[in-house]
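Paired with chain B in one complex and with chain C in the other, chain A is shared by the two complexes that follow.
This part shows the complex of A and B:
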C-alpha cells in the first residue's frame, strides 16, 4: 500500500466511530473471519488503525478497496456534510425506462470523456437509490480520493442529491448526469440540508403528493398545563383552528429534519404609517434565514401556538409543499427560482 | 447648564439616599436619585424607576486616532468583550499602575498554588501582568481615564525579547458618565463602571477577585437590554452615510419547540433609507441631511425614532411571514461597526464610532449598579 492509500485509510478510520467499526468492516467483507476476530475493538482508535493497516497490507488491498469501505460507511451514515438537491428537467422519451446497468455504463463513459483522470464507483443501494462516488483528478494529476463527491439518484425520479461538489466540478457532473439519465437539463432544486434522509423525504413526499387536505384530529398534547377553565373554554375554538391550520400547512406526525430555510426578499416596503418608504420605487432588500434543529416542527409549532398568524403564509408553507428551502421573493411575476407573491397590506 | 443634549426622564424615581458603609463615612447619592428633581422632594418611589436616556446625541466620527495611541486601539477593537458593571473603586490611583501589576501577578501566582481553577498548560507557567493607561479614551472632563489590563503567560525560561500575545485582556472605562453622579462620589472613589474582559474564565474570576479585595468594589454581569440593542442598531445605522455599515443584521430567537432562530439581514442602503424616513421631521431618506446647518438640528436622536425604526423592520417581516418577531427575543445586532449580544458581549469593529457605543454601555453599567 502506498503512502496516499495509507493516509486515506487513516483518515477514514478517524471518521468512523468505534461502535460502527465492526459492522462496517463486516459489510466490507475484505477481511477474513480470522482477521476480523483478531481485531480488539476495545483498544484505542489509533491502535485499531495500525492493526487494520497491517491486515490490509497482508491482503494486498489497494485504493479501490479502501474507497469501497468509505462508500459503505457513508451510505449507512448519510446525514453528514451538506447535501444539495438538484432536479433533472425535460425527460427524453426513454428517460423512464433507463435501467441500472445502462445508467452506470453511460455515466462512467460520459464522465471519462469530459475529464481524463476520474475515479467513479457506482453502487445500488437497497431502496432503489444509486450511489455514485467520484474522485476528481485533472489532466495532469491523479484522482484525489481525499475529497470525493457523492451523488445519490433514484432512477425513477428526477431528483439528484449531491455533496462536496466544487463549482468547477459542477458542470462536468451535470453534463454526465443529464446524458446518462436521458434528460435535457438539470437545475438547482433550491433545497439543502445536513440530513440526506430529511431532504430526500421532503422532496419525495412532494413527488408522491401525500398531503392530507384535512387533518382528522389534532395530536393530543400529553403535558398540557391545566389552566383556568374560562381561558380554556374561550380559547378552545381558536386553538383548535390554529392547530388545524398548522397541520394542514406542514403535515402531521414526524417531519423531515430540515435545519434551515433562506428567503431573499426583494419586495417593496409597504406600511401605511410610513409614507416615505411606501412611495419608494426600489425594493427593500433583505435576507431572512430561519434555523432550528428541526425547522418544520418549529414552524408548525409557531403556527399552532399563535406566534405565526394563521392561515400560514404561502412563503412558509412552500417549504414542505414545494420541497425547497431557498427562495427569492419579488413583487412581480415568477422568476427562474422565485415565487410569485402579492403583497398584502 | 447642561453640558450634553441628553434629556432625562422625569418620572418620579427612587429617592433613596444611601449611606455607604465605607471608610470615608460620607453620604453619597444613589445614581437613580441623581436623575430627577422629583427625587429631592422625597416622593414615594415609583415602580418603574430606572430608565436609559430617552434621547442621545447622534454619533459623529471621533478622530479618536488623534487622541488615543493606535496600538492600544488595535487591542480594543475587533475583539469580543464580555461586559460587567463595577461599583466605584476605593483609592484606585492611576499613578500606581506598576504596583498593581506586581500585586495582581503575585495574587494570581498565590491562587494558582492554592489550586484555583486556572487553565495552565504545565507547571512552569507564570503570568506577567501589565496595567496600562489608555490615555485619551474619555469624553467628558469627569470621566476617569481608561485602564487596560493584560495578562501574558510567561514560560519560565523565555527570552526577554520574545514577543508575547496576552492570554487575557480586560479594561475599565467610563465614557460620558453622568456628571451629577460622578460629582456626588466622595473624594477617594474612582468610577470606572464598565468592565470588559476577554480570555479564560478562570483568569477573569481571579482579576475580579483581586479588584474586589483591593478596592472594595463589586462586579456584576451586564446584559445589553432589548432597548440598548435597539439603540445600537439605530446609532450604527445612523452612521451609514459617513461609513458604510455594510449590512444590518439582527438575530432573534422565537420560543417554538424546538427553538427557532431568525437571522434578519437588511441591505445597508435600505436600512439607511428606512432610518431616514422615521427621523423627526422626516428628512427624506438616503443622502438627505448632509448640509452643515441641518447637521446641528439632527444631532439628537430620540427613543421614539428608534422604536419606529424597529417597528418598520418588524412590520416588513410580518407582512411576508406573518410571524410576530416581538413574540421572541432579540439576541444579537451587528453591522460593520460592531456587534452586540444580549448576553453582554460586545465587539467594536471600528474605532471611529467607539465613543458613542461606549457611552451607551457606560450608561447601562451605571444604571445596573446596585447603588
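This part shows the complex of A and C:
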C-alpha cells in the first residue's frame, strides 16, 4: 500500500466512530474471520488503525478497497456534511425505462469523456437508491480520494442529492447525470440540509402528510399542563382548528429535520414612519434566515400554539409544499399584487 | 239579358229563403255540441291537473330545499310531525329526487371520496389503493376551485406522472379524465409494490437482485434444484397501468435452459400470473428451489 492509500485509511479510521467500526468492517467483507477477531476494539483508535493497516498490507488491499470501505460507512451514516438537492428536468421518452446497469455504464462513460482522470464507484443501496462516489483528478493529476463527491439518485425520480461538490466540478457532474438518466436539463432544487434522509424524505413525500377529511382522526397533541379549565373550554375549538391547520401545512408525526430556511428579499421597503428608506427606488435587499435543530417541527409548533397565525402563510408552508428552503422574494409588479409578497421559483 | 240576371237573383233569393227556413226548423246538431262540450270539459280537467302538478312541484321544491339545508347542517333530526298522507307522500317524493341527484353526482365524480374545504373554495380528493382485497395506501389531492380547477397539494409519489396526467386530461370539464387514469397508475403501482414485498417475504430462496422505486423492474435469481444452476430472471413492467409484466427474460449459464419447453412455460406463467403466485407454482413443479 502506498503512502496516499495509507493516509486515506488513517483519515477514514479517524472518521468512523469506534462503536461502528466492527459492523462496518464486517460489511466490508475484506477481512477474514480470524483477522476480524484479532482486532481488539477496546484499544485506542490509533492502535486499531495500526492493526488495520497491517491487515490491509497482509491482504494486499489497494485504494479501491479502501474507498469501498468509505462508501459503506457513508451509506450507513449519510447524515453528515451538507447535502444539496437537484432536480432533473424534461425527461426524454425513455427516461422511465432506464435501468441500473444501463445507467451505471452510461454515467461512467460520459464522465470519463468529460474528464480524463476520474474514479467512479457506483453502488445500489437496498432502498433502490443509486450511490455514486467520484474522486476527481484533472489532466495532470490522479484522482484525489481525499475529497470525493457523493451523489445519490433514485432512478425514475427526478431528484439527485449531492455532497462535497465544487463549482468547477458541478457542470461536469450535471452533464453526466443528465445524459445517463435521459433528461434534458438539471437545476438546483433550492433545498439543502445536513441530513440526507430528511431532504430526501421531504422531496419524495415520505413523511406523514395530513389532508382534510370528512372524519378527521384526532391529531397527536403534546401533554399540556391544564392551567385553567375555563381557558381550556373556551379555547378548545380554536386550538383544535389551529392544530389542524398546522398539521395540514407541515405534516403529522415526525417531520424531516431541516436546519434552516433562507429568504432573500428583494422588495421595496415599506414603513411609513421611515421616509428616507421608503422613498428609495431600489428594492431593500436583505436576507432572513430561520435556524433550528428541527425547523419544520418548530414552525408547526408556532402555528399550532398560535404564535404564527393560521391559515399558515404560504411563505412558511412553501417549505414542505415545494420542498425548498431557499427562496427569493420580489415584489410582484404594480397594483394590488405588489402588496403581497410571493415566493418566487 | 234582363231575364237571365233576374232569374239569377230570384233563384239565389229563393235558395237563401230555403236555407233560412231549414235552419229554423233543424235541431242544432247535438252530437257536435256534445263533442265540443266534452272537449271543453277535458281541457278544463287537464288544466286543473296541470295546476295541481305545478302546486305539487312547488311544494316539493320547497321541501327539497329545506331537506338539503337540513343535510348540510349535519343531519339534524327531521321533525316527523303527524303529517297527512299527502304531505308524507310529498316528503317521500322529495327524498327520492334528492337521492337520484346524489347518485348522479356520485357517478360524475366516479365514486372517489371528495370533500369541500376552505368554505367551498377548495376540494380534497382521496384515492384509495387496494390489492387482493386488502386496502393499501391512501393518496390525496388538494385542489383550488378558482379561478380554474388546479392541484395545490398532493402526496402522490414523484415517479407517478401526475403533472403530465393532469395536462393530458380534460379536468376542467370532467374531473374523471384525471382521476381515473391517476387511480389506475396508483393502483397498479400499489399492486406491483405489494407483489415485490410478498416475493421477499414468502420466497426467501429466491434472491431479489434489483428493483426500483417505481416497481417497474424486478430482477430475481433462481436456483435450479439438483444441478444448482443459477437462473437470472428479469421482469419488466413497462406498462405502468398494469400489475403484470410486459417482458420476461431468463439468463443462464446453460444456454439451452431458457429455450426448454419447461422454462418457456414458466415464462408465460410469469407474464400471466402475479409474480409471488407464479413462484409458488414454479416451486411446486420443481423448477426452482
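Note that the second predicted complex is superposed on the first by the 303 of 345 C-alpha atoms of A that agree within 3 Å, B and C clash if a C-alpha of one lies under 4 Å from a C-alpha of the other, contacts with A are read in each partner's own complex, and residues count from 1 in each chain.
In this text, contacts are C-beta pairs under 8 Å (C-beta built on N, C-alpha and C of every residue); 3 or more make two chains touch, one makes a residue touch a chain.
Given the structure is predicted, the values throughout are model-derived calculations rather than measurements.
Please work out whether A:321 is in contact with chain B alone, chain C alone, both, or neither, and reply first, second, both or neither.
second
May I ask you to decide whether A:62 touches chain B, chain C, both, or neither, giving the answer as first, second, both or neither?
After superposition on chain A, A:62 lies in contact with neither partner.
Applying the document's definition of touch, where does A:276 land relative to chain B and chain C: first, second, both, or neither?
The first partner, chain B, only.
More residues of chain A are touched by which chain, chain B or chain C?
B
Give one of first, second, both or neither to describe whether A:301 is in contact with chain B, with chain C, with both, or with none.
A:301 sits against chain B, while chain C stays out of touch.
Across the two complexes, find the residues of chain A that touch chain B and also touch chain C.
On chain A, the chain B and chain C contacts do not overlap at all.
Show me the residue ranges of chain A that touch chain C in the complex, using the header's touch definition.
Answer in residue numbers: 96-97, 99-100, 124, 128, 154-159, 203-205, 209, 211-214, 321.
Using the touch definition from the top, list the residues of chain A that touch chain B in their complex.
263, 265, 267, 269-271, 274-277, 280, 282, 284-295, 297-299, 301-302, 305, 307-309, 312-313, 315-316, 329, 341, 343-345
With touch defined as at the start, can you tell me which chain B residues reach chain A in the complex?
Per the touch definition, chain B meets chain A at residues 254-267, 269-270, 273-274, 276-278, 282, 284-285, 308, 312, 315-317, 319-324, 327-328.
For the complex, give me every residue of chain C touching chain A.
Touching chain A from chain C are residues 113, 115, 117, 124, 126, 140, 142, 153, 155-159, 210-214, 216-217, 236, 238, 240.
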